[in-house]
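Provided herewith is a single structure, encoded as structure tokens, for subsequent inquiry.
A, B, C and D are the chain letters, set down in written order, and residue numbers restart from 1 in every chain.
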């Protein structure tokens, strides 16, 4: 009941090479800005050119780090990570970055994404006699890098030649930080420059604003960026594939102040809302968002439809997750513990309720009841993306296909299920036009067309789950 | 740098008598909804008619309570409290409710407000030989109640006859819960009814929506409400004084979904924004709020001015307070760690930036720089309340008068200080008309006219501070 | 199974006035030496002549204090406390010293003992309207002192005139530390002098060796010692009663390096063993102790009997209490988890097993089985005190009378129960002669003759328990 | 000042295969009995034949485990470990057992000892591209086992063929537990049988008494024991070398109730004391031990010399380590914080003070001062082993050679340094005769004759330290 009906992103990645900055503190603030990409665990590894220092912990960035532990993270280069919060097996063992000693000095890796061929890669390692300590892809990646021959760039290329799936990597060696983006460009990665000197990489440019860096450019699919004492260098690590940037980064995952492809995410979301208003207009007195993620889309819908935007639902500002089960009486009250309505803004009005997406469809019903109880005359639901019908294997934790409401119900059935007066989703064409693109995005969760040649078989997925089970993950 | 430039409310109060409900769980969810009134500490006391049970802790409601400790809080009546988070001396000793054994069974008290004559009341207790263990008013109140003669109603009346200042109390005895509102009505208190049976009291009605209760009515100045096995009874505890409800509850403190005097706070804030638009119009292309608290005012300004509302600043959703000091380089970046701008929404535009209030004026300057750096052509600041020039002694922790920017600078000086193209505050008359009132509010922080006859002398305040120092508070 | 079959002392008390020492650190080390008198909780209060500072916590002295929290305990006078560890309700609320603000500055109190008329004293406070927050005697004492008139010495005398029972107090005011011993002298208290300057008081002189102090003299029954800027002063606070020093301090509670009445406790215990050897000789090849507390008695027995002393049982040096329940298979193994036998020292020998005392008799049986399994030919149990038949109401937590094995079984029955070849207790006369005394001791647990005129009725005890229940204690 | 002047053992190892027992609880109690072999960290891995379960933590066994986490450690086989407490880098990362996933299922390893060729073995792994995450030998061992070919027995043999140094291993695979003892037999390992069924291995037989197991036999140098569904099997894993069992296991490390080579350790220690009495008699009135470790030796000395044994020093029963620095005044008091003298047992007497060993010689001086201040007429120090002159590279953490007092001072110089009236060490011949042996022991710390052919060069040791530094260990 407390979980949002949202998809879940897996991680945030950051890297920095900046001899004249306090690298650990800079990384801390950057991770603070990337907190929305993962609240389960966080970690920072720094290096002073010889020795690596690490601190990791479960919880929010602000909970895990303090002046004292940051002070031990000496050095002029570093990488950091925020990890997404699952309900179940939060284990420190799975916190990143991973770090290893190698013949060539310390090696640390952090990862955003999901390798679809990780069962094969695990097997390769196990067959080489490399035991594994977790069920994470990141451990697989660091051992593949440690065990490959050649310099670090060569090793990264060897890894990219083998790996299939979504991966944005931050890699730290003794004297450089590397950023890697998979050949499909499924997850974002961007390069920035610090005012005085030094370079940074991050999953999202919003981290740059926070630490005073300027965006240099996005790392393109298949590229490797290396930042070190000589500045930065970008090389092609693997041939780019048909670009398949995750559409949901635009729709929901990224912070609205991040820029992708030169477009501010907040603007993209407004445009999705405007397009939705064009496709699915309705006579109404107020446009209301499902806060906070649906707000930009709702503002766009209001702009285009000329129906006034207002707030209709209040969401608690204090997220601290609770696992207290509501009583039976409270259960009837439903979603109210998370959202409260603003009756005077709704009373007697026809309302357009704009949401960025619907996954399971389990919170929309109670929300609509709230609005009606607060006096709304009609509630027209508008969803700023197409129906989600297929599971993601590329680093997004979402319901299994069974749970996806649009996989099993028609539009009319969904409308009836949630109790809306009308319901419309944005079309795929409309979404793409709002993105000002005709291609370059992974829309697999809407279309079932995955970007990989390898068929993702159930057997392989089961093998991966078996590993996870062994570790109690 | 991380603190908002906001006033700080001191507490949230809740009480419940409900034999057929899980009282502790209900209180938990109500406190969760009152979290915005205090994040330092929280506590619940319940009673089963014979024995009282208590659990208190430092931190958020969701951090302090869990299924296990709630299960020990047995009984059919209870009170709970959220305490405001100061930066310094967070001590468990100061967490509320306080609880005492008396000849008439357990007594528990929680408090929102500030007694201006607490030095005299402390002295009265000390002279009676009652030692005190903290510097809080709440401990004074509970000992005054414990030491007075007569039944509980009589004791509360004796207390009210002596006390001067702001106090909303939740009181638990063996068989009843009492709510008390001071004769000036400085802090809010409202009575609600549960669907099946039982009654509740809360600082704000937003707690009722969360637990499925309906508002019965607001408790009026000087009234005592008693809820017990026979339902509720409201009596006059002390003659009401000229009503002096804190205007800032309407402007900033309360949750937007709370109702005061039959008005939804969100609507009141929109009306403040609309009035501001009438008083201080300006030619612009976008109305932008200082989120989240300025959003309703900005929406109102946009409605009245017909300038489109949009989001121009993003605030981190993950509050976890951090005490990490920014580096010197980061210090230059200023407020950016908390707010990031949305350049595409601002670029080349004349912006109206609506804030609910300005206290010290120390965050507005950096914010404006952010907006300009993001491309805003002009920034016109509009503040939805009058200039704050006088300190509060009634339970709001705000800067000393020295720090209040409007106490020392003219409008033009403030404008120059924050770097705005223009600056306007709402007038007192305009504010009152937006509140649809001509009296009944305490506007002391704007006018310096305090609601009490007793002059508040520096000497008494120093005495209070001396006590606090003794306890290291 | 893990609990020793021992009586339990309630507390250790310490006080210091020493302008040229680091008072908090000295108190820390003194409490470290008094750790055996209580492992549940500990606390220190210091005062700099104006403001008091306090730190308390659950656990061992070494766990609760660190350099950081000691550094906040500024001042030149202080008191400290170690509290005995019950299995159940370990609550920080009950940790001592208690501290209050009074008209005459801070007041702090810590206590070793038990007031038998505390129900009446509680009632007196409650009738005066002083609410109470715990079920401890110490809170009653501090409120009685705070509420009495006159200077501190007068107030302490007023308290002593009212109080009945065992109490050794450490009291801190703004400018002096007081030590108080009840008129029966039930619990010990001793005055010491620091090498450079300053005086200290402690429950046992072993604390003095640890901090380099020399014993001045023991505080006598009914005396008050005041230590302040002028040195020390001893006055009679209440007429001394028939001295009734707890015999068990000599037998078991005190550390062997403590001196009572000019006698080293270790010597007294050896003498108890020697007397036991005279009273109950037996032909045997080895004298073995139940370690560690029975060792001095066993050494004495060996000296007198000329039977060689050796170790026959090893006790884990690592006490960390465990609450893990043994498995059924382990349950059969019984006491072995705490003691392991030394077979080669026992094999084929007739063993005298010397214990300082037997309370419930539940560990002796398994211990004897261990010894026999390890090869002992005969086991003759010798107990260095008389049979314990009556409960203690003066600050010792022991089994209820039902559980005292000697209250219900004859000597022969006990022998059979524990499976000894022979069993002998020390006689009361023998014990007194070993103590070199004919009177001056409370032997109530052996004789049932309590030192108080007031009959201790069940009703009053029940009242006290009722209070405890209210607090969940 | 708080550290004992003792050598430090590195670890305790335990393993169990017992389908009808609660394996985790049994392991818990066994580790509780092996606590003296390591107090820094502890861990348990169990396996249910398919999946492995692990829990590790910093601190004592009783602190790390509770009913809840033990309940997750399902399965019928398991291994456990206690790790020695260094002052500095206590890191959870270094806690054992280590666990890896391999193609052949889970693999877990725990280790007691020290590989002298671990730099070479580390390099072998790194050259194979296996990155390492710690500076521990145990991680090296588990990766060597994981990466070798063949069945587990084969892999263990491959490892034994490569490894040089001290190693007692506990190894868990999917369906068996292995115990391994290095070919020199430097560290102990013993096999036991549970009453109902199942087998156990442990570093010391004292763990067996605690869980009701009987010793089957000691594992001999170079042997591997495998325990599984078919019972146990012992095979030779590597040719035994000249046996070199660490003499200090007999003198100090092991619990007195452990049996080595059929001899109870307590008896051996008594015999060491008796031999010492024969070699270095002295006229005296009392024999006193440095408690607790010197007690058996002192009892033996007393038996042989016919001088009465008594206690002369009391050691705090409550070990909780403290890092509080004593004040300057306290510093003068010296060792008194740990030991207090018993003056009446010492006054006017000539004392033989028996210690099991002297390492740095830094605590003996203060101890002797204590005894003299308490009235001892003469103090004759007798040390129950020969002078320690050479460092250990086989798993004992002792001072560097610089710090070993006997490496630099003559007997007379040491006597003068510690202020004894006379001083004698046991001779090597005397020690061996007390051990009833002419060979089979490593006496390298006395003689400098190390059991390995490989010269232990400073360069290799430095390389090892470099690794440790990289990990901040």
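To be clear about the criterion, a residue touches a chain if its C-beta (ideal position, glycine included) is under 8 Å from a C-beta of that chain, and two chains touch if they have at least 3 such contacts.
Fair warning: this is a prediction, and the values are worked out from it, not measured in the lab.
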{"item": "Chain A and chain D: spacing of chain centres that average the CA atoms, whole Å", "value": "50"}
{"item": "Whole-Å gap between the CA centroids of chain B and chain D", "value": "61"}
{"item": "Approximate Å spacing (C-alpha centroids) for the pair chain A, chain B", "value": "35"}
{"item": "Where chain A touches two or more other chains, by residue", "value": "none"}
{"item": "Touch-based graph of the chains, sorted into line, ring, star, complete or other", "value": "ring"}
{"item": "Interchain pairs in contact, sorted by label", "value": "A-B, A-D, B-C, C-D"}
{"item": "Touching residues on chain D, where the partner in the complex is chain A", "value": "50-53, 72, 99-103, 106-107, 123, 126-133, 142-143, 146-149, 467, 469-472"}
{"item": "Of all residues in chain D, those that touch chain C in their complex", "value": "21-22, 25-26, 28-29, 32-33, 35-36, 39, 60-63, 65-67, 70, 194-196, 206, 209-212, 255-257, 263-264, 266-267, 270, 292, 295-296, 299, 303, 308-311, 314, 316-327, 329-330, 332-333, 336-337, 340-345"}
